[in-house]
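Accompanying notes for the structure given below.
In this document, chain identifiers A, B, C and D correspond to the written order of the chains, with residue numbering beginning at 1 in each.
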Amino acid sequence: MTAVAPRSGASVQTSKRTEILEARPVNLDGFVEEWPEKGLVAMESDYDPQPSVRVEDGRIVELDGRTRDQFDFMDTFIADHAIDVDTCEDAMATPSVEIARMLVDPRTSRADVVALGRGLTPAKILDVVKLMNVVEIMMGIQKTRSRRTPANQAHSTSAKDNPIQVAADAAEAAVRGFAELETTLGVVRYAPLVAIGLQVGGQVGRGGVLTQCALEEATELDLGMRGITAYAETISIYGTESVFVDGDDTPWSKAFLASAYASRGIKMRFTSGTGSEVQMGNAEGRSMLYLEIRCILMAKGAGVQGLQNGSISCIGVPGAVPGGIRAVAAENLVASWMDLECASGNDQSFSHSAMRRTSRLLPQMLPGTDFVCSGYSGVPNKDNMFAGSNLDTEDYDDWNVIQRDMQVDGGLRHVREDVILQVRNKAARAMQALFAELDLPAITDEEVEAATYADSSDDYPDRDALADLEGARSVMDRGITGLDLVKILERTGFGDVAENYLNVLRQRVSGDLLQTAAVLTGDFVPLAAINDANDYAGPGTGYRLSGERWEELKKLRHVTSAENPEEEVV
Amino acid sequence: MTAPGAVSTESVRTLSLREIGPAERGTKPDEVVIALSPAFGDPFTKTIVDVPHAEVIRQLLAGIEERGGSARVIKVYKTADLAAIAHFGAKISGSGIAVGVLSRGTTVLHQRDLARLSNLELFPQAPLLDAEVFRMIGANAAQYAQGQSPKPVPTRNDQMARPRWQAKAALLHLKEFDCIDHSRNAVEVEPVITKVD
Amino acid sequence: MTSTELTPADYPLSINRPELLHTPTGKALADITMDAVVSGEVTNEDLRVTPDTLVLQGRIAESVGRRQLGENCRRAAEMTAIPDDEVLAMYNALRPRASSAAQLEEIASRLENTFSAPTCAGLVREAAEVYAARNLLAEED
Amino acid sequence: MSLVIGVDIGNSTTEACIAEVTQGEVGRLASSLTATTGVKGTPENTTGAVTAVRRALEVSGRPADALATVLLNEATPVISGLAMETITETIITESTMIGHNPDTPGGEGLGVGTTVALDGLDEVEPGTTVVVVVGKGADFDDVAHLLNRAFERGVDVVAGVMHGDDAVLVVNRLQRRIPVVDEVSAVEKVPLDMLAAVEVAAPGRTIRTLSDSYGLASTFDLDAEQTRKVSPVARALSGNRSAVVVRTPAGDVTDRRIPVGTLHLSGSGRTLDVGVDGGADAIMEAIGRVAPLSDVHGEAGTHVGGMLANVRDTMTDVTGQPASEIRIRDVLAVDTMVPATVRGGLAGEVHQENAVALAAMVRTSRSRMQAVADALATELGCETIIGGVEGEVAVRGALTTPGTSVPIAIIDMGGGSTDAALLDRDGAVSAVHVAGAGELVTKLIDSELGLEDREAAESVKRHPLAKVESFFHIRHEDGTVQFFTEPLPPHVFAKVVTVTPEGLAAVPVKGSLESVRRVRREAKRRVFVVNALRALAQVAPQGSLRLLGSVVLLGGSALDFEIPGMVADALAPYGVVCGIGNVHGTEGPRNAVAAGLVDVHAGTAAGPAPEKVQRQAAS
């Protein structure tokens, strides 16, 4: 299917150049014409509503051309929860072009533009971002990103749900710099073991890394409450009422769920993205970006700390229409502008073309977002149980070089081989000790050795899946908690890992991770859009890649030494 | 998978669906109902990867016939939701087994007693379904209808289907939605396959 | 406690205002040490957030203009009293066409009366109203 | 009063029993179970033993420093190995025969004619009798069309052989019904222009003519000598629903024995060679002739030789004893069938071939328990005593089962070996270990059902079967029907399943529940029942099972849903009372050794005083 297949069996003679072009990977990507009536259009559609708002008795009674009696539930929720009633009439009166310029103009502070944004309706926000080209959108992201220091998130999964692989790859991802790690399963029953692997591996790689396991709500919440995972992200919301209902939820059920996570001290953000509604055939004639802006405002109204957006699993849809990737950048801008922590996509297989994969990435990577990828595959894509990411382990060196070329911080760094081998090995050994103490099917020395040097799941000895699944069940039945794991790590000679893990668990008492864009530094200092608020105000301000961090990012796998050109810098 | 055009090396067959009456509950205990989506056969004529609808039907029927089963074909107009189409088919199938097919090729094997969103076998990636797979789906449907336990049709997977086909699939889905006719009940049809040399 | 004035400078509480924090069993943050874990003094019960802490975090959020996040923290503070299973059951009841108006009202009163959770009750009542208007209530039994 | 804990390090599990001992009074507090770390009887056991002790302490709520004494059993390493050799094969030369069973052949009856390719059909003279051979990629409509055209020209097409799964489709479209065999994957190898016969029987029937030597003789007009030569063909085809036989100048079907090496058995001062291809009976008979076995070697370069060498090497690694000093003291051979692809077959035919499965076991008297004891003493900071020989302690533990009396024997069937011990009226204990247990059963089930999935085989071994008859009910193997209010998951629909604590798991086989059940029970009988009898005979007074009083089943296998019953049935004719252990009337078949260690220590062990302990009679 991925073979380079000719597009047509035409017998007309073509030039050699055409043959070469036909064979280029980009021609395996799909492109379609717009169909605005049905919502198959990125962000410029005559069928989107005109901005309007009207307040009566302290209540919004008209929103984007609809009166309250015509509201669907998205309108109601947004009108009642997201939009600032006191400021909206003034805010809406500000010309769109002026607001767009404020987003770009460094002399307007983030605080001002965010405050103005609190009074805008979805159609008005769309009207504003429609005026912006992709460079302006990037400038907007640079200013409105909530956290000052950009960060990144990795996927760590296994095609065989092998917990040792997940642990080793999590350790490597953590030491390479990812602030958050996410996993999911092929066989859902494996979840406890894989989630343990992710957490333990993460804490081996770098203390303070936050982990999550994407599952249905009940299990995900359970793992979180046991302290086996630290946050949740895959709580989907949609831009039309019909699709929201098809997903068996409403803004109220999701808002309730958001509070439920917070009540357990667990960090959580929603997920949405352009293209999902039209993909499901119920865009109600609205453009993809308009609907996504409704999602963003719904998320804001629910009071959730953040949002994963940037089309996510529907990236093939905006990716196929004109201006689609601009719209994807615009949705990240709007999420940031609405003062939400933004995990900005780049997390699903996007293109056959390496050039196109890179260009899709730059609008997030260059300005920096709270999490540039909401899932950089920390395993080879064939092991990626989220169906592949825009970037995977093969791209590590490319990413590091781009950071160095552009002097931008994409959250990663080059790490020497010996360090990587050491953390991989240690993660596997920690798992070996845990499994032994928990009476789970033993992890052999051979598996530890494999984990140290492996690339993909193919490089590991097969495990007895049946026994592992029984083990996974017993972990749940016995009520094993994160604290139990800490105790075992402590007494089996992994005291530093235990200490790291305990420090992550302590955060639940303080609730500090519930604030917008919160991550933990290696010293366990919560870094959020409060104590590390973005203060970009034009050239020379905001986050600048400099000092120690810049020195770190100058390192690559191969850099010729200036002092001795016969050698490479180590 | 079969590249577009690969099936057209043989002679071309066309499909017309001749309406023979309302879709009613069947009585044959081993029959399979093939339930087609609103745009199947008309106005669409081929799947997302250009497998002619005539070939889809012919291979499904051949798979059922080879396994000694019998089949009825129905066309649903009120919904373009695959699960709903297949589940409706299963409910009126004498055996309780139905194959649901969307115009773009997405296919599901359903059974009457299952929840609508569940299934016996699901083939969600339409771009990976070729004539051979449709034959196997037909054969399995007949075996389920006979109370046997066939080996599931091997599923194919391709992570790069998203960039290539996701948008076209959405487009086809929208077109299919456009063909929904809420006023029209499902009908039983006789597939007439004509060979064009 | 409830009158504590908080500013962005108090964040992170774990570092700048640890004296304001305690575990549900009344331990201080500093009591959560490895020794205490090993000896069994600290249990999983200790590693939960308290309603007081959630209220504090809500205030910090509001101090930087995040009104809705503050509200969410308040709802969360109320929810700490609800057992895990019941939280999930209530969430499921809020799904479209899962509950009748009467059932939603029952949940709202339970939130209000049993769990002293007026903000959460308000959210449920609001949902009930919208669901009624949008045909998202379950058929009455 | 002192706090004492007995720790039993077994092959797969380590059990601990914690008790307070006060002047000969034992107050048992708790017990625990964990996986054994490393090979039993080696220093690696320490980790598992510590875990078991910790866990027992936790459950009993006693602090670690209150512990006075840890009692360990004297455990010696047991290493076992498994190998399987296929000893027969079927070879077809010159593509003489197609004997596979497509699910859906077409038509019915026998057709004899000259083979001709589909695209050569137009050139065939009218009146000729032919068998058409259809290659890959042909469409059923096109094939039917061409055949009908040939009929109309007067060509007598009497049968067909096809590549695709199209036979029914083609036959349904023909003017006259002819037998057609399909799914012949190597159809291009069918020799053309040769006399061939195609036979298809009605559904549910098997062919009559081609599977019979005289039927073949009549079909191909053979003389007596020729008929004798083709009789293997007939044999190979019997039981099939469809078949093709092509008469070629030197075509043949052979059913031959594969030489797979020899076992060199030594014992009773003599040595004996036995070919593995002789089958299990021959091997076991030879072993009987050299009993008691003192050592076994296998021919280098064969599976069996490799397995035996591997067992020896592992023991060398574990104990540090030189390989030359390690003796293999027991071998169990079991006949089995494995589906194997027929060499020279045209349709990927699979034939059930004979195979022999062998289990071997080696044991050493060199235990390193002292090292384990020392490590434990350091780790736990208390006295550690090696408290008794496992067979003896176990049998005394078993004797606390209500209703038992001396003489008493125990059987513990584990993964690699089956252990038995006897305590006689004089307090003497004898113990044996014989090769073959749970893992061999799993292997037999796996290969006989053609699962190639050890996990599925393990599930079949451990759980009862059922057939999913609808989404709302299943029929258990005992015939009872169970109904469900929620529909069952789709992946088990219409399947034979194992009923596991986690729910139903599909068994990936085509066969009926009955056939799966037969394979499972037969595998257990050939290993567990045979070994129970073999082991008991070795410890029984004068080798007579009739002189055994009680037989108590211990360990994990005693918890199996059918093994205890099967063993009890097998022992019933000898007048032996056999049942599942219930140590101290509360522990079930677990903890016999751990509890026994505490009892011995407290001086309250059950049974006659151990005047004379006969250590491990058979090692």
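Operating definition for what follows: a contact is a pair of C-beta atoms (placed from the backbone, for glycine too) under 8 Å apart; a residue touches a chain by one contact, two chains touch by 3 or more.
Here is each chain with its UniProt name: A = Propanediol/glycerol family dehydratase large subunit; B = Propanediol/glycerol family dehydratase medium subunit; C = Diol dehydratase small subunit; D = Diol dehydratase reactivase subunit alpha.
Since this is a predicted model, take the numbers as computed values, not measurements.
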| item | value |
| --- | --- |
| A-D or A-C, whichever has more C-beta pairs in contact | A-C |
| Centrality ranking, top chain (CA atoms only) | A |
| Greatest separation from subunit C - chain, by CA centre | D |
| Chain centre separation (subunit B, subunit C; CA means) in Å | 49 |
| Rounded Å distance between subunit A and subunit C, as computed from the means of their C-alpha atoms | 25 |
| Averaged-CA centre spacing for the pair subunit D and subunit C, given as whole angstrom | 56 |
| Shared interface positions of subunit B, touching two or more other chains | none |
| Interchain contacts (touch definition) - all pairs | A-B, A-C, A-D, B-D |
| Sites on subunit B touched by subunit D in the complex | 10, 62, 65-68, 111, 113-115, 118-121, 135, 139, 144, 147-149, 151-152, 195 |
| Subunit A residues within the subunit D interface of the complex | 189, 436-437, 439, 442, 464-466, 469-470, 473 |
| Complex contact set, residues of subunit A against subunit C | 72-73, 76-77, 80-82, 84, 111, 114-115, 118, 217-218, 221-222, 225-227, 241, 244-245, 248-250, 252-253, 255-265, 300-305, 339, 481-483, 486-487, 490-491, 495, 498-499, 502, 505-512, 514-516, 525-526, 528-531, 533 |
| Sites on subunit B touched by subunit A in the complex | 1, 3-5, 8, 80, 127-128, 156, 158-171, 173-174, 176-178 |
| For the subunit A and subunit B complex, residues of the former touching the latter | 1-3, 5-9, 28-32, 35, 38, 40, 275, 278-279, 281, 313-317, 319-321, 348-352, 381-382, 384, 387-388 |
